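Once you scroll down, you'll see the structures, which are given as structure tokens.
Each of the next two complexes has chain A plus one other chain: chain B in the first, chain C in the second.
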Partner chain A sequence: MAVITISRGSYSKGKEVAEGVAAALGYECISRDILLEASDRFNIPEIKLVHAIHDAPSILDRFTHGQLSYITQIQCALMDRVKHGNVVYHGLAGHILLQEIEKVLKVRILADPALRVAVVREREQVSEKEARRMIAKIDEERRKWTRRLYGVDPWDSSLYDLVICIDKIEVEGAVRLICQAASQEAFRLTEQDRQKLRDRALSCKLRSALLDLDPNVTVTSEYGNVLVFTRGDDRKAGRLEKKILSVAEGMDEINNIEIRPGEPKPSGDA
Partner chain B sequence: MEQLTTEMIMVMAMICVAVFLFIVEWIRVDVVAILVMVALPLLKLVSPQEAFVGFSSNAVISIIAVIIIGAGLDKTGTINRLVTPVLKIAGNSTSRIMIAISITVAAISSFMQNIGAAALFLPAIQRVSKKLNIPISLLLMPIGFSAILGGTLTLVGCSPLILLNDLLAPFHLKPFNLFDVTPIGAALVACGIGYFVLFGRFVLPRQGPSEETQDKEIPFSLTDSYEGMGEPRELHTPENFTHYREPVTIEDVRRRYLVNVVAVREPPRFTTFNPPGDMELRDNMDLVVYGSEKNIERLAEEEEMVLKPSLDVFKDALSQENSGTVEAVVAPRSALVGKTLAQAKLADHFLVTPLAIYRQGRTLVTEISNVTLGVGDAILFQGTWKRLKDLQNEKLLIFTTPIDMEEMKPEKAAFAAFWLVLALTMVIVFKIQLSVCLMTGALGMVITRVLTIDEAYQSVDWRTIFLLAGLIPLGIATEKTGAAAWIAHQVLGALGGSVPQIVLLAVIGILSTIFTLVISNVGATVLLVPLVVNMALAAGSDPRMAALVVGLATSNSFILPTHQVNALYMGPGHYRSVDFMKAGGVLSVLFLVVMIGTIYLFYL
Partner chain C sequence: MTVVIISAESYCNREKIAERTARDLGYACLGREALMEEASRQYHVPAQKLKEALKDPSSLLTKLSSTRTRALAYYQAALLSVLNKGSVVYHGEAGHMFVNEVSHVLKVRLTADLERRVEWKAARKKIPGKKARELLLKEDEQRQKWFQSVFGMNGMEPERFDLVINVAEIPPEKAAVTIVDTAKEVQFQPITYSVKAMQDQELASRVRAALIDAYPDVTVTARNGDISIKTKGLKKKEKITLLRDQVQKMEGVSHVELGP
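And now, the complex of A and B:
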């Protein structure tokens, strides 16, 4: 029982690998569907979510927190899906969206540029030059995205537990390697780990519900005991508190909720 | 007959002023007593030596000594042991507890000084009140009155009756036997107890320790703010608790259920207070927890523990006498400002458990050890009083609830009991003066380190001492100026020669009652017995019965806090003079009716 994220360079056969791993382990394979789920749940056009997870934040985004809020919604949908374990997620930023969760097997699939160009040319029916330009553009965009939002480079191999260059290993070989890695004790979810996943999903859910009122709100949860850290701005405090409590009322998973205005936020929480 | 002199008028005026001040309570009763003590020598009604003679009087010194002995017995748990069987019989009902202790005190009081019995039981009654959460005012007055009434059970129960035979000797009247008064005494005790059982709730004020503490608190109530966090609950882990289960630690319980474990007992009898977070819960463990009712119930249900209806194994160890919760506020310039509880390590250093933090209208219970403390944060701590006192002494926090600490010394119980027995033996067998015997016992307590001398001084209630010592010169002045004799002559003279015996006895009873309220019961007896014997002889009534009425009625002192027992219980019971007038007034009338009735029916 594990959670596996497969980060892939575009046109690197990552999708095939993910589906192969899910089939081999009997896990659920999720990717773009979490965008649809977030779009449905939060009533946001899917295109905005695609941009949010794809494009580097614009200057405007940095002021309005627009992109951040979309990412929070996506993260919320993702957490909701992975909270029970047995999931393979492939798509951009899985390793980042789930970065706080231990025991997630983070895999990066790479491919030789020549192979990628060939795939693009085949799929998109474009010239080799155009294919190279497209790949370079996508890579650059993603690099900017992760750098701006999370300060890391997706090409940094230390972010992953396993980096597989698909050229010679092929999809089947990669599936075998990943299944083997996933069977290790370090990635097996205990009841405690599953509780942490549930708590994380809960805090993401609450935070995404509060974003429109205060994008700086931080939420933590442990065994359903929720702490909401706000900036302690007196002007908004009453309204925010009311909203927090009314949102929390509908969440049965919450055992206790406390609001901590003006307290330093704990690092690495939703 | 003596003429009414200016001194007599001044003394009577002084009595009126004192009684008036007792009633209106513009100033506290003990201050009234000091006022009397100072005014009398200034008006030259007594000599300066006589004004302060109360402080060296047998009664006052005896009271000081007996309070110290009582404190020693209490500190060693001796009184607790004595009271436990009584409470077992009485259960939790206020009436039954009152009856049980009243009968015990009355029985003891029949053989020793009323004040001695009353003082010895004061700490025990305070303990019972606190333990069972009964307002102390509902217990002290009935028990105090029973101590006074118990003095009428035998001829050695109170000073006036002890004196009686000596006073009858000059008239060659047949002396009374030890148990001659017992039927009257028993009727009086039964009447007193019955009166409080039936009407206590109407005549007694309902003030308890809780009200007293509230006065000292900042204006919000502890229990309201902390949502029932202040009450300990006891849980028991089943026999197969550790089977098929991930280990559960104290910290797990805190983090998962927001419930603080403050004590555990493992079989056979290993007890740990404020256990460390990594301690694992095992089979057949008893644990005491603090938390909201909802969370404790959730813990019990999810971890399959048994939630007991009340403290059971830890009933004594974590009773309100030994431990509890207090609230402390982070003071400006405190070293705690800007630190978290985890950083300050208060729980480790002082072995107390922080239960909650109250901040700007919010009660925080989740991960409070990581909350950065600010000025004005109130923290609810649980611990033994001793450990909480240590924390208070560190001066990091301002405690808004007074610490009810009492360090027990059960290992000194034998010493405490020895000094009590020695003092009583000296009184009963060697007939040495009461104050000397009791002071020997009190000194013994200090020498054998049952109490430190400072604790002994602190245990004495100086309100009582000044109240009694201050009124003694008033009695002296009343007798010395001849005012008492004048009043007695006037009243008895007004009756004339031929009145029915029952009327004569009733008047003697009323007169003795009034006298004993102002002058000492011994003084009243010495003054009145010769007068009433002569009166009775002249009127053809039974002079022994007339004398007996005086001896008994001088114990009928319930209307004012001037009797030693009333003075002693007034402070701890938070009574006002009005309370004595209300509850004692009715009892005084009942006393007279029962006494005259019993004498009339069985003795004449």
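And now, the complex of A and C:
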């Protein structure tokens, strides 16, 4: 039982690898569907979510509050899907969105530029020049997005547990390698790990629901015992507390909830 | 007959993983130091000189580019002679840069994040973490400079390898299993074309190493035993004849073409 993220350059056969791994291990394979889920759940047009996760801000811009909030909603939808383990997630910055989760097997699939160009040409029916331009643009966007938001370069191989060049190893070989890695102790989820995943999904879910009330809200959860940290001052605290409690009321996974207004946000939590 | 080349960041258990891989595959295992000894023996150059030329980018010796060019030519020829025999695991920093487009060569990179490497270095050297970090960063910078000065590029981009393994998460014995299994994949088994490509590269590097002392600018290519040599150092007819005769006698050479 594991959670596997497969990061890929566009047109690098990462989808085929992810589907192969999921089929071989009997896992669920998820990707773009989390956008649809986030879109349905939070009533946000899918196109806005797509832009939030694809488009990097310009050098002078920061991510807007709206974009950050969309990314949180996507993260929430993803956490909800991976919380029971046995999942292969590919695309859309999985290794970043799940970076605080231990024991995730993080894989990156690379392909020779010539192979990517050939795939684009066949799939999009464009010239070689246009294919190169498209790939360069997508790569640059992805790089900027990750750098601006998380301060890391997605091309840095130390972010991953395995980097596989698909040219020679090919899809079947990559599938075998990933399945083998996933069976290792380091990536096998224990009951305690699964509980952490459920807690993380819960804190993400509550935070997503509270973002409109307080964009700086932070939530932690341990065995369903939830702490909510807000930056609200005393004047607003009472009102905010009421709203938080009313939102939390609909969440059966919460055993107990405490609100800590004005307390600093603990690091590493949703 | 498959060849495995393992490159690694420092403190990533390169030697241990290479030895385990070689043992499980039943291959020979050779490291950088042993290869330098081999190059020194084959080309009658003191091993210490080779080490200096190949290791330290700031040493005076390496600043004399012809010295480094010669040392690199000997090193490459010795390496390709070993790799050409097949069934070998070579572990060294730059091995992957010396052999290209041979499909039965599996190129692997071992990596780990800086924090873990600092931990490992501090534990192994029994020094404080801060000191270990300083030393590691300095060593990494030296390596980058070396690659830049020798190859004119970073040389460590993941795209240069078939497989990159993060040994901070995957322990050495499991990393070795992953490499062994990959080496057994059909794509890494030798085929006639890849064997010929390796033979050509080995022959070209051997001819170049034999000529580099007299002709530092020499470039050599080989195709099925046909050798093409280019150097500006050939102006007199007698020299051309001598050089042609010298190369023609070398093992594996069937025909020699010379040009400026």
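Here is the rule we go by: the second predicted complex is superposed on the first by the 258 of 270 C-alpha atoms of A that agree within 3 Å, B and C clash if a C-alpha of one lies under 4 Å from a C-alpha of the other, contacts with A are read in each partner's own complex, and residues count from 1 in each chain.
In the analysis below, a contact is a pair of C-beta atoms (placed from the backbone, for glycine too) under 8 Å apart; a residue touches a chain by one contact, two chains touch by 3 or more.
Quick caveat: nothing in here was measured; it's all calculated off a predicted structure.
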Joint occupancy of chain A by chain B and chain C, clash or fit: fit
Arrangement angle, chain B at one end, chain C at the other, chain A at the vertex (C-alpha, nearest 10°): 120
Contacts of A:213 with chain B and chain C, given as first, second, both or neither: neither
Touched partner set for A:191, first chain B, second chain C, both or neither: first
First (chain B), second (chain C), both or neither touched by A:179: neither
Chain B versus chain C as contact partner of A:168, first or second or both or neither: second
Partner chain(s) touched by A:256 [first = chain B, second = chain C, both, neither]: first
Chain B versus chain C as contact partner of A:158, first or second or both or neither: second
Greater residue coverage of chain A in the superposed arrangement, chain B or chain C: C
Shortest span in Å between Cα atoms of chain B and of chain C, once chain A is used as the common reference: 24
Footprint of chain C on chain A - complex, ascending: 108, 110, 112, 155, 157-158, 160-165, 167-170, 173, 176-177, 180-181, 184, 186-187
Interface residues, chain A side, partner chain B - complex: 191-192, 222-223, 225-227, 255-256, 258-260, 263-264, 266
Residue numbers on chain B that touch chain A, as the complex places them: 246, 255-258, 295, 298, 362, 364-367, 370-372
Residues of chain C touching chain A in the complex: 103, 109, 111-114, 157-159, 161-166, 168-171, 174, 177-178, 181-182, 185, 187-188
